[in-house]
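Next, two complexes with chain A in common: one pairs it with chain B, the other with chain C.
Up next is the complex of A and B:
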């Protein structure tokens, strides 16, 4: 790939045709754009992790006493053992000794270089890192599938709504999806669970797969995952899709008023060509860019959905951890969710110049 | 003025205002309504009625496992939900307005740093942070709770307001005020603020929705302060009792519907305001 680009570059330098020199000039802004975007990513990541560190340190109440009390209640210590020594031991174990700056530097060193969030309490002494890595694939799958599904359906239907904007079907569907888009996915999930898991027991109501099936790359297991994932994914995707429909429709209607469409029609292009090449391409590009902004909300909302479905992802882990005041695991989950959302944003921004020639020229 | 104008032009705004007003009326007069519904019985009294009764004329939403009338319980929970949403929305609109104003009006480095912060809070998932805070901060009052929620829901208002200030700043009459050597404060309060009202409304509606939902999230997970009885608490109680598997659908349906109406009302108000006052959207309906 790179070689072929270079050969084209070399050829273009030889030929000195005006078109090709312009192409050569374009490459630099792309590199500059990518570098700047990467810089912003690292800066935001650092800021977010630092803020979350401060956030967890400034939480009211002493996490270590809470921790020791919690250990006592689990019967790991006799009530009398929770002396200064025990508290001091755990303070060290959890990296809570020394000044805030020392703690911060140690925390950053541990997390950034060793990806170590310390021991968990939910299943002590398993490291929090192990727990979050076990839960991550489920959340990635859930959020990823729901996001892609809702985006594709929403953008396609939204284009259709805009294209046929004066028909009564389009008007009614627009109003309907406007209403649905403001209902939170959690409520849709509740309705779905009730309707399709309890009232009509068609789909499982909880879990990520059937416990009786051996996990592995078997057809049964994958089928079980899909069956268990259907309701949570669909409930996130339905609300998401209506949101994309509304915004895509607005974009399409705006594009339909542009002069270049009148020109394209006057040129005698077919309606289909105008729709696919002029309208859709212009409408879906900004929607790719918008994907990143919505992701934070989807990830946040999935915490609730996971708990409703007892889905073994990060959201369920977070709530379990908070239930026993497991600071390390909670912090690990929050940090991972932040990294996940920021990285997804970075990937989208890095893909943009590939999809949109205007980004390549301007930035 | 802005209200009448929007009312006349936008059906969405009318819908939102009507729904939200009904809810607020229900919230304000909840005691009267409860009295009309079940007489002098204390709605919280355990065993006042039969256990887990199905919906009937006497109990439109049935009764809960403790024999309390579910409609009365919902009327009891509605004011807290409205109050937290309203107060949190108000506080975050104030924060958002200040940040947005300073950011848009000052420009330059102030704008850049404030915007970075706003964007960061907009992008990262805040619900997990709110849940964490809720788990550790026990026994919060309604006001403290609203403050916590507001701390996370102001960025949207800030962004809406900033972009509007940016555009107003370049208007001829603002230029004129600047040339005539008026103070910043005078320009802000006399030239810019009056034109910001619809945008403050949008900010208020959106951040109220955000705060209300965060509260629902807290209560559903069971991490909300224990003293507050709101619709989210009722919803989580219903789920805890197994309303789904018992097929007592009214138990979760009632608080859920009220919450959905609250969200829809606020969302449609903001949508309507945007439709009328955002020129880029205006041509599109």
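Up next is the complex of A and C:
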């Protein structure tokens, strides 16, 4: 019996397992991974923004009536001004009229299709997004720089502390870091202000730049920004760095007991090579993920630090907005925070396989 | 082991050296601190563009005075935070940062009223007259008045502003025109005839800047016409005041106003500061330093609190402490329809009054110390005409717990097992307040709560913030609201108006006025009659006295302490501030009348 090649191929085709068939219809694993992550990202984004909408709308009381009443109690407007007509007009302007569902649908339509969070109450009729865009660069510069600086310093020193864990320097430094990490950056900032702005007048105590310098891309202006940002950045970075130091040290200490390090030492690798190629790479991976999340939260600003240094950032804006229950601005800030945190997570999720081969293999 | 001991020793030694070093570092600082405040002005504070080496304290001085104008020509004021930097519209919510210079130096009102002296000062207006039945009013303007862009300010601007407000009910202050004015007509460029909707001998109050500002603010027709006033940013603002906007620095939270040398009224108000900078206040510790270095001329009482003001005053000869009576005394508002039912009974309200030790409230709890409230208005010279000691003495606000207990018994709030009951139900009087727990207003209410507990009357005190308080207050779900009482600017009817039954709505509905659901028919009748009566006519004085008597009997509001504010003025750069001995003007740096203080300032260098 002779079997032709075509017959074998036909049989072979007939004998394909259902699993093989399903595999053929599958997407490339990398594309599938990306789509899955994006899907989760969008779903989480929608859920978080919806929850924040509900959170703000369910706060008891009507912000417009409350605002008008507070104006009256300050003697700025007469009692007759809080007529229902005025209140109704502004309820409409701020998207507070109609049922909660109607408000939600209008809100999502505006935000999704027009990126419009509506007018601000703290500075009516300036759009909330304008206020945020004015404050965002300052916050990103201030808290972003402080976060990255604290991460770099904290992770480097933490690694060294873990690597030399039995030395007295490591023990004392760890204890000191534990103490400092529990001090609020505001307190450190106050000490810095007294030490470096008043006792020793080296750095300015407040503001984002010297009001005598015209803003622009000049060295004077950039230098002024750096000079004014030094104290607030260092205040945040000092406390932040100690946190990173402690966590990195813990990670390094845990890794030091691993068999593969003993094996690497047995192979005759230098201590430096073991530290940089084996210890640091393993210890830093979770820290990179954590940095992503922390960077996402940078847009929340540092309320107390911004207030202390009279820094024109988002933290100060959020406090002002909440003070008058400016739902549009507060929601816009929170939504921006959500977007940044989720996007940072997404980027880390996408980058992690590149940094850690185990993640690729697991997938 | 020995290595560890050595390590500890070395660390302790290092710590000791550190402490010693810190002490050494602080020692010269103490000297510098003493030298700096006085030395700042003498060492050319305005030399902001100087170059070359400078002593450390001077470097610090120059670094901190981060203003884009010459210091010696600039008045620097600090105000509470704002985020409004691009809008100057007074008719919309947060459409302007009024206290950042607009109210004080940019806007020009028709008239100004000085509580301290009782003086009425002309602004744009020169006078007004009513017809015999108070249904018409003629307003006269100063023929020299001009807007800051040079355009003459005329009756047409008044007529335009009235029409704009009448046509836009959603604008703040519009109801004041809509509810009172039928029409406004220009008789000639300097004369406007108002036709009122009903007899109203008080409509001119809207023209006068009393507390903060005036109810009616004339706008330039040539700027506002063809604009939507509900969204017009009015940037840059064109008005008729002594300063014009130079620039706004949002990133510095700073408004800079420049003197208008063509100001139409410069002959009467020639302000010496070339610039007025109003910036956001910083944490109090920093402001104290700023003040001592001469970088801040004045701020509100919140900028530098009373304790720090006293410290500065004690150590700095260039500081002036100026106490000022708040136009809004701290008060308790009993809700006649409150859930406990006790406040509906006159004896219940008076029992509350007797439970308040006003001496303690004024002299201990209030900072700076003030005086016990005797009348439901501030003790200004201008209010003396309404204060009748004979009536007040019959209804004295004394602290008498025995009398309070008697009145509670008389009100039917009987003591059962150590706790007061009303109609068989245990009493719990709910007090709300919009102020924080550290505020004297809260502490006065807390004193009441503790005193009431001694008589078996349970009270609950809640500090509700912002809109939450506004809602609870407006919907009437409370027994007593501990707040402050504003209202009286020119005559008591302005304050009595807040307690009229025509504005009554039941608990559960939002009240616009009469928020504490007062129901006093006779008081209502007299006040309604007074609304149509000319307060300047001596023939109406008996009715005013009767209203005061009925007020004391009914007690729709219980004043506790006459709050005082204390302002700190810096004479390093400017002199001529009001002092306790020379109370020539309103010292509040966020009020419209502060322009008259600015008008009296002289450069400190010239004074030396």
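As a convention for this text, the second predicted complex is superposed on the first by the 303 of 363 C-alpha atoms of A that agree within 3 Å, B and C clash if a C-alpha of one lies under 4 Å from a C-alpha of the other, contacts with A are read in each partner's own complex, and residues count from 1 in each chain.
Note that in this section contacts are C-beta pairs under 8 Å (C-beta built on N, C-alpha and C of every residue); 3 or more make two chains touch, one makes a residue touch a chain.
It should be emphasised that the depicted structure is a prediction, and the values quoted were computed from it without experimental measurement.
Participant: Is A:312 in contact with chain B, with chain C, with both, or with neither (first, second, both, neither)?
Facilitator: Touch status of A:312: second partner only.
Participant: Where does A:266 make contact in the superposed view: on chain B (first), on chain C (second), on both, or on neither?
Facilitator: In the superposition, A:266 contacts neither chain B nor chain C.
Participant: State whether A:325 touches chain B only (first), chain C only (second), both chains, or neither.
Facilitator: A:325 sits against chain B and chain C alike.
Participant: Looking at A:205, would you say it contacts chain B, chain C, both, or neither? Reply first, second, both or neither.
Facilitator: both
Participant: Contacts for A:219 in the overlay, against chain B (first) and chain C (second): which applies, first, second, both or neither?
Facilitator: In the superposition, A:219 contacts neither chain B nor chain C.
Participant: Go through the superposed model and pick first if A:190 touches only chain B, second if only chain C, both, or neither.
Facilitator: Once the two structures are laid over each other on A, A:190 reaches both partners.
Participant: May I ask you to decide whether A:101 touches chain B, chain C, both, or neither, giving the answer as first, second, both or neither?
Facilitator: neither
Participant: Just to be sure I read the superposition right, which of the two partners does A:56 touch: chain B = first, chain C = second, or both, or neither?
Facilitator: first
Participant: Decide which partner touches more residues of chain A, taking chain B and chain C as the two options.
Facilitator: C
Participant: In the superposed arrangement, which partner chain does A:121 touch: chain B (first), chain C (second), both, or neither?
Facilitator: In the superposed model, A:121 contacts chain C only, not chain B.
Participant: Both chain B and chain C contact which residues of chain A?
Facilitator: The answer is residues 59-61, 63, 190, 193, 197-199, 205, 307-308, 323, 325 of chain A.
Participant: Chain B touches which residues of chain A in the complex?
Facilitator: 44, 47-48, 51-52, 55-56, 59-61, 63, 178-179, 182-184, 186-187, 190, 193-194, 197-199, 205, 250, 253-254, 257, 292-293, 295-297, 299-301, 303-304, 307-308, 315, 318-319, 322-323, 325, 330, 333-334, 337-338, 341-342, 345
Participant: In their complex, what parts of chain B are in touch with chain A?
Facilitator: 12, 116, 120, 122-129, 131-133, 135-137, 209, 213, 216-217, 220-221, 223, 239, 244-245, 247, 249, 252, 256, 259-260, 263-264, 267-268, 271, 280-281, 283-284
Participant: Flag every residue of chain A that touches chain C in the complex, lowest number first.
Facilitator: 59-71, 73-83, 85-86, 89-90, 120-126, 131, 134, 138, 168, 172, 190, 193, 197-201, 203-212, 215, 307-308, 310, 312, 316-317, 320-321, 323-325
Participant: In their complex, what parts of chain C are in touch with chain A?
Facilitator: That would be residues 4, 7, 11, 25-26, 29, 48-49, 56-57, 59-60, 63-64, 66-68, 81-87, 92-95, 98, 169-176, 179, 211-213, 215, 230-231, 233, 249-254, 280, 282-283, 285-286, 289, 327-328, 434, 466-468, 470-471, 473-474, 483-484, 486, 497-498, 510, 512-513 of chain C.
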